[in-house]
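Two complexes are shown next, each including subunit A; its partner changes from subunit B in the first to subunit C in the second.
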Partner chain A sequence: MNINANWLAAPVVIPLLFAASSLLAATRVNLRQMRIQRNLALIASVLNLGVALLLLYTTTIQDQRMVLYAGLWQAPFGITLVADALSAIMLTLTAVLMVTIVLYAIGTLDQREGLNFHPLLLFLLMGVNGAFLAGDLFNLYVFFEVLLMASFVLLSLGGRPGQVNGGLRYVVLNLLASTVFLTTAGVVYGTLGTLNLAHLAVRMEAAPLTLRIIVAGMLLIAYGSKAGLFPLFFWLPASYHTPHPAVTAIFGGLLTKVGIYALFRVFTLLFPDLLQAWQPLLLGIAGLTMLAGVFGAMAVNTIRRVLSFHIISQVGYMVMGLGLASSGNQLAIGFGLAAGIFYIMHHMIVKTALLMAGGAAELTMGTGQLKEGYLGGLVKRFPLLAAVFFVAAFSLAGIPPSSGFVSKLGLLQAALDSQHWMIAGVSLLVSALTLMSMVRLWQKGFAGKQHEDVLPPPRRPIYGFTLAPIIILVVISLGMGIFSDTFIRWSQTAADQLIDRAGYIEAVAPTDVIAPVSMDH
Partner chain B sequence: MPELYLALLDRILTPVLLLLAVVFLLAGHNAPGGGFIAGLVVATAFLMQILARGDSFVRKLIGIYLQPAMGVGLLIALLSALTGIGNNGVFFQGVWWKLSLGSFELEFGSPTTFDIGVFLVVSAFVTSYLLELSRPAEGAAR
Partner chain C sequence: MIALVFATLVAVLMASATYLLLQRNPVRMVIGLGLFTHAVNLLVFGTSVSHRGQPPIIVDKAAFSGDISQFVDPLPQALILTAIVISFGIVAFLIALLHRRNSLEAVESCTDRVDDPFAMEPAAALEAVDEDYEWLEDVVLKRELRKPKRTRR
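== the complex of A and B ==
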């Protein structure tokens, strides 16, 4: 089946169309307007899921790449949108998370927090989708900015005291990373005369080593900071626990993974040689990120803070997959990359489920304190919520038959196969520590007993709309564990397409008529 | 009460700025100008109004239209990008219509409507931004 390339614009057009329409219904603060916005967001997220599945089918199952030249301007002159298997997998995961988060918001948002939440969510979706589809560095930057601005407003929505503080740190540190990114784009354009990724892949080979090292290093800093890698992760735990739980859930599932996607894309396409030369650096960052995240999680004392630190430790596993991308003995080269991609799939689903469940508990009890006596007794009060939290937490820790087990096993296999004992050991250790941390959450938060004198009993009930999306995500996670061969095949396709640079360049086919600026000056 | 010279300047400059914005909007695309710049010029005209007559006057005048204007502008821009898809075309492809008025021929295309959309978004956004900035701090003497 060959589908029209114009479909590639749909993941950007659909959210923008519905966000613009819901701006028309934003003149007054009332329940009717909020309902209109919510319904528009629900329709948009379902349509977006449909398009994402269509793209997933075309690129991943049929193993093709799709390219759209906006306005028929050939690459590298115009805006080029490219979808391969990795883009489509990320688009689909994003679309699934968006549908569930709109449902979750129905159950948890109150009226004041709800106004303009949905249009902002759609702008965020547009930015994320665009970043996954961008075929050149500059548009990648633009979509990064779109999602940064939308996420900043989402962070401060509702205006509770801690929010502005957390939001400010978030925006300042992310803007710094964006500045580094934009500077890099300037350096690239000034020296190589192009920003199109396929065109850059051709020209980067002929570029001097110093330039390649500078550009790769700066991009590693910029994307690494957005992804929450060691040592640039500190903005994340400072801000993620402050906004409404629905916002935390979508951020935790989505945002750092855009940075990881950019790292996967840029390093495999532009710097395949550095992927080998910098393997110790990448694996070192991966290991330190894992350790820093998991130790941070042990030191903090509210549900969402603990879960935020676990985002960091798990981003380390994904970078570990990238670090192992170019090595393999018994296993084929690219198995590590595939394992990393599978880890992203597992993580996005499970992390969002956990943050939703933890957020629901916080909302109901009025606090997320893990100290003795504050929370507790949730197993008896809300058995279903406790059950889904239990399954999601143990999937995160990597207990079979969940998706966490399969994805960690894949990474471990790749590490052992290429004889990287150190990172294999660290990943096992962090896995055990994650399990400990999850047990602590369970004991202090869900099991045990709440002391009535410390805190009044629950403030409000948990609605079906709050639980349904968590259940959907947990079921997906279990499905990914049980039918893992399908998902591993998809990630393998994505990894193979990433390694096949010539195929990407051929698909985009940049015309090479502008000479690069000479390197003399 | 604003200064007299501001009120005078406002009378003279506002129509000039608005006319200039229209010229920029239509001259754009191939010549300097375009929707973004025209939008900024319109916002400047509203800034003159804010300075000369106070922010509450401007807020009462256009406040509730700003957010819908951004929505409408985005929709216009998006729809003109989508017109490219018709006739087996591509997203964002320019579509041009010719209007014959006797000896005079008027060319009008989807890039122009895209610019009009951008113009609406930018002018509404920058104006609302300026209005927020000029809101007097709570408790401050007016």
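== the complex of A and C ==
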């Protein structure tokens, strides 16, 4: 089946159209307008899921690349959208998360935060989708900014002091990272005369080593701070616990992963030699990120703060996959990369489910404070919520048969096969510490009894719409664990396509008629 | 020569921006961010300045050899236009956030802070603080309203 390349524009255009029209629909502030926006968002996210599945089928199962030249301008000149297996996998996961988050918002959102929540969510979706499809460095920057803009407003939507403060930290640090990214784009264009990724891949080979090191280093800093890598992660725990749980859930599932995607794309396509040379650096960053995240999670005392720190430690595992990409392996070439991609898939699903369940618990009990028995007794009050939290938490910690077990096993195997004992040891240690942290959440938050002096809060019903998306995500996670061969095959296809640089360049086919401007002007 | 002027200007702007960003005053930080984005815009602009006064049009298409160093490259200017809009929007949003923050009452109690420029309370530890649960206010409010009914039963 060959589908028209114009479908590639749909993941960007659909959210944009629906977001704009739902802004128009909300002329007055009341519940009815919110309902209209919500329905539009639901339609848009379902349509988006359909398109993403279509792209997934074409690129991953049929093992193809799709390229759309906007306005039929040839590759280095116009805007190019490219979808390969990795893009399509990320698009599909994003689409699944979007559908579930819209359902979750039906159950949890109140009127204060509900106004214009859905249009912003759609703008966020547009930015994320665009970043996954962008075929050149500058459009990657633009879509990064689109998603950041939407996330800034989502974060401070309630306008409460904590949200404003968290929002300020988040905006300042992310604007700095974006500016570093733009500087890199300027340096690249000034020296190599192109921004198209495929064209850059050709020209970067001939570029002097100094330039390659500068560009790769700056991109590592820019994407690393967006992904929350050590030592640039401090904006994340400072802001992620402040907004509404629905916002935290979608941020935790999506945003850092866009940075990780960009790292995977740029390092495999532009700097395959540096991937080899910088392996100790990447693995070191990965290990330190894991440790910093998991130790941070031990020091904090509310459900969502603990989960925010775990995002950081999980991001370390993904970078570990990238670091192991270049090392030969008896299983397959690029098995480390495939394991990293599988880890991203697992993490996006499970982390969102956990943040949703934790947020629902905080919302129900009126607090997420783990100390002094404020929480507790949730198992008896809300057994279903406790059950889904349990499954998701132990999937995060890597207990079989969940997806966490398979993905961690893959990474460990890749590390052991290429004889990286240190990172293998660190990943095992962090895995154990994660399990400990999850047990702590379970004991203090869900099991046990509430302290006598703390007044039990009145029972606030947990709506079916709050629980349904969490159940969907947990079932997907279990399915990824039990039928893991399919998902590992997809990640292996994605990893193979990433390593096959010549195939990417051939698919985009940049015309190289214009020589770069000489450097001596 | 022009390139050298541009490079110096970008370096000076970036240095002052970094100095301002390291200040504790949030307003200075915003100004620093504004300068930083300007420096980067100028840097991108600098990539196109090779020949002044040459239009980016190929007059004689047949004789064109592919040497683009003969005219000004228009692409960086398009890139800057996009970048300016983005950074302007974000800085404007940042100022709005700052304004909102300054209009909140809690700020007045901690005007002479030394560690965290954005913190509102003297001790911003990793412990849970009240501001973590502001988003719950409405829920708690509803609960307070519900309480009397229960006691009546």
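In this text, the second predicted complex is superposed on the first by the 513 of 521 C-alpha atoms of A that agree within 3 Å, B and C clash if a C-alpha of one lies under 4 Å from a C-alpha of the other, contacts with A are read in each partner's own complex, and residues count from 1 in each chain.
Here is the rule we use: a contact is a pair of C-beta atoms (placed from the backbone, for glycine too) under 8 Å apart; a residue touches a chain by one contact, two chains touch by 3 or more.
Predicted, not measured: the structure shown is a model, and the values here were computed from it.
S.K.: Touching A:244, do we find subunit B (first), subunit C (second), both, or neither?
M.R.: second
S.K.: Which chain, subunit B or subunit C, ends up touching more residues of subunit A in the combined arrangement?
M.R.: Between subunit B and subunit C, the winner on subunit A residue contacts is C.
S.K.: Between subunit B (first) and subunit C (second), which, if any, makes contact with A:153: first, second, both or neither?
M.R.: second
S.K.: Under the contact rule defined above, give the subunit A residues that sit at the interface with subunit B and also at the interface with subunit C.
M.R.: Overlap of subunit B and subunit C footprints on subunit A: empty.
S.K.: Quick check: in the complex, which residue numbers of subunit A touch subunit B?
M.R.: Checking each residue of subunit A against subunit B gives 5-6, 8-9, 13, 16-17, 19-24, 26-27, 68-72, 79.
S.K.: Taking the complex as given, what residues does subunit B use to touch subunit A?
M.R.: 64, 67-68, 70-75, 78, 81-82, 84-85, 89-94
S.K.: Inside the complex, what are the residues of subunit C that reach subunit A?
M.R.: Checking each residue of subunit C against subunit A gives 3, 21, 26, 29, 33, 36-37, 40, 43-44, 46-47, 50, 66-69, 73, 75-76, 79, 82-83, 86-87, 89-91, 93-94, 97-98, 100-101, 104, 106, 118-120, 126-129, 131-140, 143, 146-147, 150.
S.K.: With touch defined as at the start, can you tell me which subunit A residues reach subunit C in the complex?
M.R.: 110, 112-113, 138, 141-142, 145, 148-149, 152-153, 156, 158-165, 167-169, 171-172, 175-176, 178-179, 182-183, 185-187, 189-190, 193, 241-245, 299-302, 305, 362-363, 366-371, 457-458, 460, 513-515, 517-518, 521
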